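A, B and C are the chain letters, set down in written order, and residue numbers restart from 1 in every chain.
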Amino acid sequence: MDHPGQLVQYVLTGLSNGAIYALIGFGFAIIHNATGILNFAQGEFVMLGGMFTIFILSFLNLPLIPAIMLAIIFSTLVGILFERLAIRPLKNVKPLSLVIITIGASIFIRGAAMLIWGKDTHALPAFSGSNPLYVYGATIMPQHLWIFGITIMIIIANKLFFSYSILGKAMRACAYNAHAASLVGIDVKIMVLLSFMVSSAIGSMAGIIIAPLTMTSYDVGIMLGIKGFCAVIIGGMSSGLGTVLGGLLLGLLESLGAGYISASYKDAIAFIILLLILFIRPEGLFKQKATQRV
Amino acid sequence: MLSVEGITQIFGGLTALEDVSFSVTPRSITGIIGPNGAGKTTLFNIVTGLYTQTEGKVYLGEKNISFFAPETLAGLGLVRTFQNVELFGQMSVLENVMVGLHTKSKSGIFSCAFKLPGQIREEKTVREKAYRWLEFTGLVDEADIAACNLPFGKGRLLEISRAMAVEPQIILMDEPAAGLNSRETAGLAELIRKIQDLGITIVLVEHDMELVMDVCESIVVLNLGKKLAHGTPREIQEDKAVIAAYLGED
Amino acid sequence: MIKEKRQILIFTLFALIVLLAPLFLKGSYFLNVLVFIGINTLLAVALNLLLGYAGQISLGHAAFFGLGAYVSGILTTRFPVDPWMALLAAALCAALLAFVIGFPILKLKGHYLAMATLGFGIIMYIFFNETVDLTGGPSGLSGIPNLRLGQLIFDNDRNNYYLVWVITLGVMLLSINLSQSRIGRALRAINDSEVAARVMGVNARILKVQIFTISAFVSAIAGSLYAHTMTFISPTSFGFNFSVELLTMIIIGGLGSMYGSFLGAAILTMLPEFLRVFRDFDIVIYGLMLILITMFMPKGLIGGLEALFKIVINKIKGGAQNVKR
């Protein structure tokens, strides 16, 4: 700990990565709560967000904002295709088959991205320049502020959507009891599709706002995906505050661990936390234990 | 034989069972009845070690078996069938029953992988015993069919054959007549008596009142997680509280 | 009983073909590919014991393969340990690790188990990369000695072929025996309904850990064989992608079938060898195969072949009857 600025820097990096993990975690929770599926391809949508934006910027020469919007639309379309082609046709399959299908989809999307965009690492330009601000001896990039701002906005929008909009309430009803929901006239299939759309949109957004800081390439999806999963496990599979806290906690531990213990074990820290949580409290840090129905 | 004392089960905010106590005499047939959601299956899940009760004890004879694992209980001769038929769908009917004989054989991984002589001998007796249980329930002709291709009624019978293969002292049956036609139900009543004749204690959860009144010697009534009454079929049929809460509904 | 005889016949035929194959294969390049198919078959069989029999997924099996390779490699290059001893140590090491993590990890089900094993695999991969003093880090470990039996040194494709395939055939036979036994039935019962299996007296918790341990043991033997035949290892062979490749092998071949494991291993090993274009497309094709086979052919190619075989047999029988009339 040579100077306090360093600590502030680690905390800042940790929090901004953590915010991203929380957003990715939301994507897992939304699909899981609507369908019981854990979408292993979640991380790929994060990758798609960043890669689509770069591709649109360089090939279509669009300005940044429209490019981002288009990229989110494209990623969402991939999410829709995925649901229609690989999830909806399935009827009473075992959980194991779903695991395998989403893993298949994940490596398929990754492979396709590699074929289309190559193996290079790309940088997305920062949203508003890269003149750092200095706070307590730590460097804050404007992009950090974008990350915090957008994450807070998504968290609020998410909360409003699920608590107040008819559609959001219908999705929650489905999550709680799909059969009962269908009896009161909710179209469960549409809700499932919607959950894939919302979660691929949020995932791609996460990928877009982090890309200027960390660079992106076809294979960033696995790591980001698993870390988002770690956040949502800590948060007990909710798309709410628990997962935000989970993400921030993970981001902080990771960045402090990398700073003060060893940078090369940064990823290992995240996975060890993941295993510990799964072993000790698989229901999350903030939830009560439930009895598995027999 | 089997007794439960002060069983309480709370799921989050829901009290599924509240201070339920009763005991079952050896070699008897006891019915447990009650409206949907009364907590009958939950009680079975607690007795067989699948759920951990919030409070209360379970005894098998003199032995306190509260919190024992299901596999340990099978070894002690306590076994059950399931309301939503839980067969090993990908395995043949015969193999399903052979799994029931798991506790009656003991070859380990090593002797199984190397097909040691002891294992081959054991395998032969297990197969023969399994066939005998299929004869007992009348499923021999279906021995080689995959369990998932069995018609529903026969699936229920297979569950009973598999449970019998454990050679239990006591068998808990969760709605064995649900989904059966009247001919199959009559056969089931006969089978239940045949099992009793082997000296086995039976506890029966059932909605089919005719069957319950016919075979059971004593009946426990649950309603909304509480024990409402316990007595002979006649006593239960005349019990005011039961009629009000349960039979009156029909 | 007839079924059992038929199984012995099929295995004997398979073993004969495998053992006689080198007599007819002149080019050593093809033998070399067959050595890899043997190692991958061994790995696929190991994973199949866990996933095909007991229904427990692992996305971290490359870690046990890697652990086997590294323990063997490190013991023989940095210490004066006999390669056979190193092979045994490697297998025991992986088995011990699997046993220890098996209890907490196999409590998890489905998606959670997949994620946990995936996390475990990546942690091990990071260690292979970062413990440079031991493993040589990303640049790998070279100069691993060959195995030898008296005067016989396993340093050419023909000898390696027999080394790998004798072990692989042995493990296949033991696995087939297992599936037809009390333990195999208990494992398949857990796969179909863990709750019912436990109520029938199967100690699912212990049995799952046992099969996980055995699976890790066999995977580490494969790793050790890989290290001693290649004489060079580096972390890239033991990452997440390879775990997915193993999964793809047994899904394509057929869950629960040991010949399916061979078929899957053979296909996935040969395609990139012989189809140049395949090399860039490999993960796209693996992904597609995982999805399509799971959706349309849940018993894999072996299941498909069996069904086809039955149809043909029935056609022939039908034809014969027509002729009689």
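Assume a residue touches a chain if its C-beta (ideal position, glycine included) is under 8 Å from a C-beta of that chain, and two chains touch if they have at least 3 such contacts.
Please read all numbers here as calculations on a predicted model, not as lab measurements.
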Chain-level touch network, classified as line, ring, star, complete or other: complete
Furthest chain, CA centroid comparison against chain A: B
Most centrally placed chain - per-chain CA mean versus overall CA mean: C
Centre-of-Cα separation between chain B and chain A, whole angstrom: 46
Geometric centre distance via CA averages, chain C-chain B, whole Å: 40
Computed distance of Cα centres, chain C from chain A, in Å: 33
Touching two or more other chains - residue numbers and ranges from chain B: 50, 82
Multi-chain contact residues (two or more partners), chain A: 294
Interface hub residues of chain C, defined as touching at least two other chains: 195
Of chain B, residues touching chain C in the complex: 48, 50, 69-71, 73-75, 79-80, 82, 86-91, 95, 98-100, 102-103, 105, 107-109, 112-115, 119, 122-123, 126, 162-163, 166
Residues of chain C defined as touching chain B within the complex: 174-175, 177-178, 181-186, 188-189, 191-193, 195-204, 210-211, 214
Chain B-facing residues of chain A, complex: 288, 290-291, 294
Complex interface listing, chain B residues touching chain A: 11-12, 45, 50-52, 82
Chain A partner contacts - residues on chain C that touch it in the complex: 51, 55, 57, 59, 104-105, 107-112, 114-116, 118-120, 122-123, 126-127, 129-130, 195, 240, 244, 247, 251, 280-291, 294-295, 298
